[in-house]
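See the structures that follow.
Each of the two complexes below includes chain A, the first together with chain B, the second together with chain C.
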Partner chain A sequence: MENMGVFFALLGAVLAAVMSGIGSARGVGMAGEAAAGVVTEDPSKFGKVLILQLLPGTQGIYGLLIAFITLTQIGILGGSSDVSLYKGLLYFIACLPMIFVGYWSAIRQARAAVASIAMVAKRPDQSGKAIIFPAMVETYAILALLISILAVTGIGSVNI
Partner chain B sequence: MAEELYTYAVARIRSRELLLLNSDFIEQLMAAKSYEECLRLLTEKGWGGKGHTDVEQMLSEERDKAWALMEELVEDMSVFDILRYPNDYQNLKTAIKLVYAGKEGQSPFVRHGTVDSATIMEAVQSRDFSLLPERMRDPAGEAYEALMHTGDGQLCDRIVDKAALEAIHQAGTAQDNEFLGRYAEQTVAQADIRIAVRAWKTGKSPEWTRNALAACDTLDVEALAGAAESGLEEICEYLRHTVYAEGVPELEKSLSTFELWCDNHLIREIRPEKYHSFTVSPLAAYLLARKNEIKTVRIILLGRQNRLSKESIRERIREMYV
Partner chain C sequence: MAILPMKHISMIGLKKDRRAVLDVLQRCGTVQINDINRKDNAFYKYDVSSEKLLLEKQAAVVQEALEILDRHVPEKKPMLNVLNGKQELSRKRYEKLDGEQEEILETAKHIRELSDTISEYRAGMEKLQVQMDSLVPWSSLDLPLQFRGTKSVAAFIGSLTGEMSRDELLASLFDRLPAVDAVHLEIVSSTREQVCIVLLCLRRDAGPVENALRSMGFAYPSASVPTLPIRQMQEWKEKKDRLEKARDTAEEEIRDLSGQRDSLKGMLDCYAIRKEKADVAGRLLQSRHAFFLEGYIPARKADTAAAILNEQFDLLVEYEDPSGDADVPILLENNKFAEPVEGVLRSFSLPGKGEIDPTFLMAIFYYILFGLMLSDAGYGLLMVLGCGFCLRKYKNMEPGMQKTLRMFFFCGISTTFWGAMFGSWFGDVTKIVSTTFFHRTVSVPPLWFEPVNDPMQMLVFSMAVGVLHLFTGLGAKLVQCIRAKQYKDAVYDVLFWYLLVGGLIVVLLSSSQFAGMFGLNFVLPSVVGKAAGSIAAVAGAGIILTAGRESRNWFKRILKGLYGLYNVTGYLSDILSYSRLLALGLATGVIATVINQMGAMFGDSVMGAVLFAVVFLIGHALNMAINLLGAYVHTNRLSFVEFFGKFYEGGGKEFTPFAVHTKYFEIKEET
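Entry: the complex of A and B
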């Protein structure tokens, strides 16, 4: 049962990277389709729509970051990997914000990005405002990242 | 997942919407000093690219451009069947009448249907209606026999037109897309209203009217046919209790103002599609918007060509999508 601690902690780390990565891949792909549509008609808008396409990609990076910190904390990347079952479960719970919010915020941000790409297609002079709408979704991915970082780094000092 | 299929296509349509004619441009056309100036303004907008000066040829080219774009964007064109069925049935009527009249060669078939016009012509000529899709076989045979035995062109038209409306309604009911389903329902219901008014005006028998009306969800065709027996006031009274009540004042004025209301009502209904990004609806809305602007340009150009007064032309102008 003692090894199960590492198992749960590793599961949390892997899911944080995988779910956020899937969300970002889908999101960037979706926004990319819309961006390609606009650039097909007007290649001069490439720079403006590229920024919008990249916005849903950040969740994948946040997931990777959480996975990396967790792996460091539980000793998978070196040092002792002596993690109790309870601590392992705590690491898993600490990864949950990034797992869920990372995935869903990437998808929702992509939808907002696609709508903003349509806005740029019609009103290229409003591209600054168009970036704001999908960028607002980023707030919640950052909040999830923050709480996951605080929780993962804080578990080490908990005595259980 | 299916909703993402049209992301690329819708984004391209958003760019293309910039080229649609808006109400300011329509005003410019109206203010143009001559027919030639109207043509010049349209040419500057990219219309009639092959240098056509013939109105019908130019408008036909614009229709072709819209459908060519859709063929480029959409792999499975069956999503637009509701918009293409009327062309099939129009070609069926043409083919039956050509065969009846014993004419061959170049025929005024319309393009962009779901069935090749040559296949329709071949089916009618050989009386082998199995060449046609199942939905067209029975009405084709019935209309053919009716025209051959009675020589009544109106009867032939009634059979084929009803079959067209039934096909549109059926396709609309089977549609997953709410917008296209709603469009199909409105198309059938508004056609029923026009048929009922025309039947009353031309003194058709109640049986004729009943046989001409196609069933739909927003109208009770029995009640409409019954009202058509009594007169326009009864038709209007019945419609006041339906979702088409808003169009009754226009219908009371004339059938052409009601048709104008129908077209404007459709444009107002499709405008929200300018803000949807993933489904096939914005593509269908673009096709309908192009159809609407082509119709409006045709009204203006033919009006100017025939020296109609500007007031008379303005009364017939449709609202624009953008």
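Entry: the complex of A and C
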């Protein structure tokens, strides 16, 4: 039981990457379908819709980021991986914001991106505004990322 | 850094000069001509739809000819062709081109005809080939296919489906014809699908033999060929060769005409220019002898334009300041530093009535925020070098492209600066390379601190940048209020908020608990905190009293005021929103580090170094691309939502002058 600390910490890290990755993959896929439809009609809009397609992709990167920081903190990437059960659970909890918000925000952002792609199809001159709507959703992924980063880096110096 | 003042311009001229005047105006390119919707008995509008239709039709012909040329002789385009900009064309050459309109249009039509005949030839050749293929099984037959026999002998030439030998055929034939015994069968050719046969019998047996053959699936050949098959095939072959030669000649002719490509492109530009002119001609009013137009012109160009017109024509030009409620089009002018961000501003909205041009303020923060989010000196240097090289090498580039490159050039400088401050050069590449390949640790120390090791400090710094950004936005609102002489609004809507938000921040800074939480190494004395607290309280009370000042009813007014004070949560979320500077900055740095570590996994060997280089190149290219996109999107967001939210709404219409807008050539005026 003593060695379960690393297990829970690793579980959190991996889930952060997995859930955000799934969310982003689904999101970018959805937006990609919409974007392909627009490009069929008008290939010159490729650049504009490509940006919109990529927007839900950042959650996957944030998940990777949290996973990586956690892995370095618990010593999986070199160093000693001596993590107590209690600390391991703390690391797991620290990953939770990214696990949940990463997944859901990617999908919601993708829906906003799909709507924005439709907007660019009809009014290409408004593409600047079209980027903002999906970017609004991303704020919450960033806030989750922030809390996860602060928590993961903070746990190392907690005395227990 | 300003919105150029505009004059409202109107002119009356003689109808006979109309074309020439429009020509001069188009070449000047400084006047936006309004669509006049005034009904009058003397003045009427000129119907230009048929002229426009004709121009569009002709342009379509030329466009098609160009596409045909591109298909037959693909144009060689050098890499980075987009950066080259338009070729120059002197005014003299352009006028010559304009005069050759008929011939060029004929050439275009000719090219189209050639293309049509080529497809006809192709279709003919295909048809002949099919016919020839159908005769191949008969090629060894020395009788015409139509041969049906002599007076006493009947001949059946045709095919049976399926593979059968001669004996099998004869056997199955005699099965069906017990009464007939004199038959001569020859097999011309045989494949798995069919057997081609010649069958001779006595004329008197012809009827039953034919019936028997038919029941076995006999069919006459579909091609009706009066001569010997081999001769017919020869004939078709010759015909096909002739077609092929004709097609080659036509293709050769199209290739020869590819020298006309530039004329065709020039012609398309001519049509575009004429169409715009026709469009504008449809907006003016005219009577029997005069025409009347009105529009807008940048104030400082009005005198020159009027002088040029008065010198050449007999007309009356008047310009005056536009009336207060007129919807004046917006033209921005900024210095080289701020100008590139105009495009981003335009994608939001141009300044509306009574608003200042925010480009310069926006530009300063745009570059800083972008740099903080990308924050890798290596990527920054790449941007600076790439954009700088293109800007130097391709002087003639399209203005829009040039602005974009200039924007990323400045963003690159800022990125390099912040990357050096935070010690990120392609992540930690020096450290990884030196430890893996040279077994010594050499790392570039940050000029300030490393955000990965101290995220709290970076968070505080991000929010400080945010407060500065928001306060600058509020300052812009202050300027707008003072310009509009709304001094009360300046106090109620700007000053109170400065005091409230500023006061609250100072109160926080004087609490040791807050300082401990965010790892600040200073705490303001509590006296300062108390003073700031009372100032914030006064400002808050002021907001409660004044935020609902449009309501007369005091009860309503206080309620609205309380709601106005609730806006302070908006400031909280605005400031928190700048935490993305930390998050995106870390994302770049940490992923760059991951890439370096992945590259170093192959160890210290020649192979390891090669693999490291591969991982390094691909990984950093991807990371840079994704983070460039992220930095761009989120810098826009911080500018549009947080910064503009404080003072800017937009809604202005862009100034679109009547000018020469071409696609292929830049027409150069001779001076």
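As a working rule, the second predicted complex is superposed on the first by the 160 of 160 C-alpha atoms of A that agree within 3 Å, B and C clash if a C-alpha of one lies under 4 Å from a C-alpha of the other, contacts with A are read in each partner's own complex, and residues count from 1 in each chain.
The definition used in the following text is that a contact is a pair of C-beta atoms (placed from the backbone, for glycine too) under 8 Å apart; a residue touches a chain by one contact, two chains touch by 3 or more.
In this text the structure is predicted, and so the values were computed from the model without any measurement.
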*Side-by-side fit of chain B and chain C on chain A, or clash*: fit
*asked:* Taking the superposition on A as described, I'd like to know which of chain B and chain C A:114 touches: first, second, both or neither.
replied: first
*Could you say whether A:54 touches chain B, chain C, both of them, or neither, answering first, second, both or neither?*
second
*Mind computing the angle chain B to chain A to chain C from the CA centres, in steps of 10 degrees?*
60
*Spot which of chain B and chain C makes contact with more residues of chain A, would you?*
C
*A:82 contacts which: chain B (first), chain C (second), both, neither?*
neither
*asked:* Is A:35 touching anything from chain B or chain C once the two structures are fitted on A? First, second, both or neither.
replied: first
*asked:* Looking at chain B versus chain C in the superposed three-chain picture, what is their shortest Cα distance in Å?
replied: 9
*Shared chain A surface residues [contacts with chain B and with chain C]*: none
_Contact set on chain A toward chain C in their complex_ = 51, 54-55, 57-58, 61-62, 64-65, 68-69, 77, 126-129, 131-132, 135-136, 138-139, 142-143, 145-146, 149-150, 153
*Spell out the part of chain A that touches chain B in their complex, as residue ranges.*
30, 33-38, 40-42, 111, 114-115, 117-118, 121-122
*Where on chain C does chain A make contact in their complex?*
344, 346-348, 455-456, 459, 576-577, 579-580, 582-584, 586-587, 590-591, 594, 597, 626, 629-630, 633-634, 636-637, 640-641
*Would you tell me which residues of chain B are touching chain A in their complex?*
4, 7-18, 275, 277-278
